[in-house]
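Have a look at the structure below before the remarks.
Think of it as A, B, C and D in the order they're written, each chain with its own count starting at 1.
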Amino acid sequence: MTQLHGVVPPVCTPLTPERELDVRSLERLAAFLIENGMHGLFVTGSTGEVAYLPDETRYRALEVVAGVSAGQVPVLAGVIDTTTPRVIEHAKAAKAAGADALVATAPFYAPTHPLELPGHFRAIRAAVDLPLIAYDIPVSVGHKLPTDVVVALTEDGTLDAVKDSSGDLDGLRALLEADVPVRCFSGSEVLADVGLFLGAHGLVPGLGNVDPAGYLRLYEAARRGDWDAAKTEQTRLRGLFRLIHVGDGRMGRYSSAIGAFKEGLVARGVLAGGTTSEPMIPLNETERDAVRQHLAVAGLL
Amino acid sequence: MTQLHGVVPPVCTPLTPERELDVRSLERLAAFLIENGMHGLFVTGSTGEVAYLPDETRYRALEVVAGVSAGQVPVLAGVIDTTTPRVIEHAKAAKAAGADALVATAPFYAPTHPLELPGHFRAIRAAVDLPLIAYDIPVSVGHKLPTDVVVALTEDGTLDAVKDSSGDLDGLRALLEADVPVRCFSGSEVLADVGLFLGAHGLVPGLGNVDPAGYLRLYEAARRGDWDAAKTEQTRLRGLFRLIHVGDGRMGRYSSAIGAFKEGLVARGVLAGGTTSEPMIPLNETERDAVRQHLAVAGLL
Amino acid sequence: MTQLHGVVPPVCTPLTPERELDVRSLERLAAFLIENGMHGLFVTGSTGEVAYLPDETRYRALEVVAGVSAGQVPVLAGVIDTTTPRVIEHAKAAKAAGADALVATAPFYAPTHPLELPGHFRAIRAAVDLPLIAYDIPVSVGHKLPTDVVVALTEDGTLDAVKDSSGDLDGLRALLEADVPVRCFSGSEVLADVGLFLGAHGLVPGLGNVDPAGYLRLYEAARRGDWDAAKTEQTRLRGLFRLIHVGDGRMGRYSSAIGAFKEGLVARGVLAGGTTSEPMIPLNETERDAVRQHLAVAGLL
Amino acid sequence: MTQLHGVVPPVCTPLTPERELDVRSLERLAAFLIENGMHGLFVTGSTGEVAYLPDETRYRALEVVAGVSAGQVPVLAGVIDTTTPRVIEHAKAAKAAGADALVATAPFYAPTHPLELPGHFRAIRAAVDLPLIAYDIPVSVGHKLPTDVVVALTEDGTLDAVKDSSGDLDGLRALLEADVPVRCFSGSEVLADVGLFLGAHGLVPGLGNVDPAGYLRLYEAARRGDWDAAKTEQTRLRGLFRLIHVGDGRMGRYSSAIGAFKEGLVARGVLAGGTTSEPMIPLNETERDAVRQHLAVAGLL
């Protein structure tokens, strides 16, 4: 895990029309991502609809992906729940299901003070012996993970990495400037090149499900310091990312984005169907056409 | 449920020092609340540390309280989770454990659009045949439940009641003015008299664990239109409620409040101990003394 | 000023079609409000479009109203600007123009720490010898005025009163419970009865321009403890207040509300026209009709 | 103005101990900045304490700087006030005082809808014939300037440039990608290199008062595509920027930052004193020492 780097997409969770886990589609998706050079797979993240999946579906999805990977790339498991005791239950199950590392947010729903965050992450780390990645996602938990907390938790060996979905590039930079061995991953689809410019070790782009090769090119250009190439690829991916707006006005942005990613994977022949979880509103035919148009423009069909 | 009214405290969940459910203490607490005239009991709400309890602890707590009540008063179960499929799992378990009604929030963690809220509540109501109470708690879910959504969901029979912890009295009033049979409960400890003044059907005060008789007096004064008596009682309870600040500066307000409620119940001889869940910071001896001082001043010791 | 009480509407500022001060209309409005029993007049408040008025228009409006009042009722002047030195300039001009008291907010635009608020209000009070009223309006300045700051500033004689437009009734109550002689005015049109129920000394309702008699009835009912009558009047006024939504969808809520108040005064024969300041979007004919409908339903035409 | 580019610092406004404009110090500061290669000077911006300056001080400061510049570099004037009519008064005075361009924010204090923003900027542009720069500063006005509004206002010739102090690099990028000739300036001290990496035309760093040469080196490195040099300079400037925290805990961040900039200029021999406006809390001796330490570490003393 001290070498974790590169593009680690948050894997979509395919569902059957009855909203059961579509195992075959998930196997195809995991293989598709590995074949396209992804450096790791992040299962049951926000893009994987973790907040919508019953426990058994979460763990089964993890087993499926771990089975396909079979050690080729590290498999990270989102252990997303409101507070420490509930997260620890997920962490134990994730380890049993084959996770190589855990990804946990700060507590949510229950208002939690910065002074209480160290105890949260330390208890998770103490309960399950796997590398631990802090997931900094203010839009979901209501506050940013303070830089000094992450630094302290890295110094004492609790945290190995951070997935930064905060949008706060100054905070990301402060963390990268701190003299601690925390590995930083940008969760942004649209400022991925900037994250790498600042020194991030890798990317966790939801759009990487649909266009893994694009993010790989972007990452490799950045690694060799070819910033013009990285920016050019980022510009193309920014254009493609507009597919998340196909449902604007008729549903929430999350329904639209997850629906669009899944529909993109259907269009590319990876998933059998684009069903999303309740209460997300499904894309209609017009919106699904629009997704395919976006992929065509981006040269993916 | 069409008659649900009165003081329905969100029952604390007593824990052993090892953070297991303290069944004996919970039995005593449920009995204490019923003996003090509470009109219902709300199990696994925010005050009940629902966000911290593993599933089995949630359901066992519910069974214990339902067993003590044995039909004396309605038992409401908080079915608190991020989205519809996970809430429905809790709802089924809650029905099996003896709940008389369910209390569900809007989705959280996963950003959800107002257009997606009706589908959420309707799916819960369709999956489990129990009265459904919407829990409006912006501090935890990030947004207020729109009045027009609640009105529409009452009109179609999805919702029976609302627990309003939004602090938005104009919104509560708008709901009470709407021509729908939704029953409204104020979640405020400190503006309970105002909620009843506006026409609310009842109260869900966390502090009601510690001083159920006080909230009963307040409620009964309001019922007979004796607003001076209601205000006098509210003023006394506002003073007592300051106990939630005993841990200020050393922990979050939630750790301080839940710790103080539990310590108050220890001081009153109801709970065996005041242990709270991780990652809440426990009260220290000075803070526990301060809680007892507050109870002494309020005439409860 | 230690006796300030009752209904003190924030007076609309009538404009000619060229957006100059319409002195005749303002004279009629001031007379109309005094004749209808208002206990004071608050000039250049938010409802008076203070944030849109050039300095000379502000001071002229104040002179006009002070001239009409001629000592019949106290005239309060909003001295609204970003920080202390600019507020002090307005305060001096307001005293010269005949103000009996000043109404000042916390600083805005420039981020200001609670530790800096006492210096702000003390410097204003020291610079101009008039009673000072703190205007608590988080929607405009970005944060609520902390109760302990108001208490300290009352104890040292800086503040005489507070106009509470925060919507935080718990905060209002905390202030009323504090053992200081601060006089509290609720800025809410729709929870005016609740403010008085909690002990507020008076009301500052923008809708009081349109229906001063209604707020007077509400206030007098509350004064004699007839809460049923107060609530009945409040319910009627809540219905009338819906006129602020006539422009919804086509403009901001402020354009719609100020436009509707002014149009209501045109319909009642008080103002010559309903022109509002730039960049507010003017009501169209359909919207103006809707305002008149609201007044008709409320029995005001 | 279609060529405006480079480093355009928001000039501090020196004050005498009596809080009058310190003309001599301002003359030295303007000369110091021009000598250090600044490409323009932005007078009466947030760093210039515009929100604290009486009108006459604002206009006099502008005259002084325009006089020193005497056409060597463009002089931009912040015309900062709550709404259109008040901004237009400042705009006229700024033109008379020698401004080459105007910088205006969206309305603040008065809640303003996105639909009302175009009218605001168009009215300013129509009233005073000078190039107009939109100042996007959510921390002060409460909301971000929507990209589509800026695009539309550029297309119709209203806006020439944007000063982006929003911290939203995705928004900045979207604007730079739009096919309109708007010139973009980053207001960030700590992500200036990133702004230029994304294609911004220039920088408006408050810290540029203290270390203009540093920002010039950063800008020139970026211009020639030497991103490693740009990042190295940015890292040094990020270290220096920590001087804004010298007052943390004893005052607001704005008092601390403005006080530190001014004290840094005193240490460099440019200003006679570091007095700031009311109600800002002045730095004490310990804090002023800390500022000098920061400058020493950065090699500026």
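As a convention for this text, a contact is a pair of C-beta atoms (placed from the backbone, for glycine too) under 8 Å apart; a residue touches a chain by one contact, two chains touch by 3 or more.
In this text, all values refer to a predicted model and were calculated from it rather than measured experimentally.
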Among all the other chains, which ones are in touch with both subunit A and subunit B? none
From the C-alpha centre of subunit A to that of subunit C, how far is it in Å? 50
Distance from subunit D to subunit C - Cα centre to Cα centre, in angstrom: 35
Residues of subunit D engaged with two or more neighbouring chains: none
Think of each chain as a node with edges to the chains it touches; is that a line, ring, star, complete or other? ring
Where do chains touch, given as pairs? A-B, A-D, B-C, C-D
Complex interface listing, subunit C residues touching subunit D: 19, 46, 49, 51-55, 80, 82-86, 89, 107-113, 115-117, 119-120, 123, 139-142, 250-255, 277-281
Complex interface listing, subunit B residues touching subunit C: 167-170, 173, 177, 188, 190-191, 194, 197-198, 227, 231, 235, 238
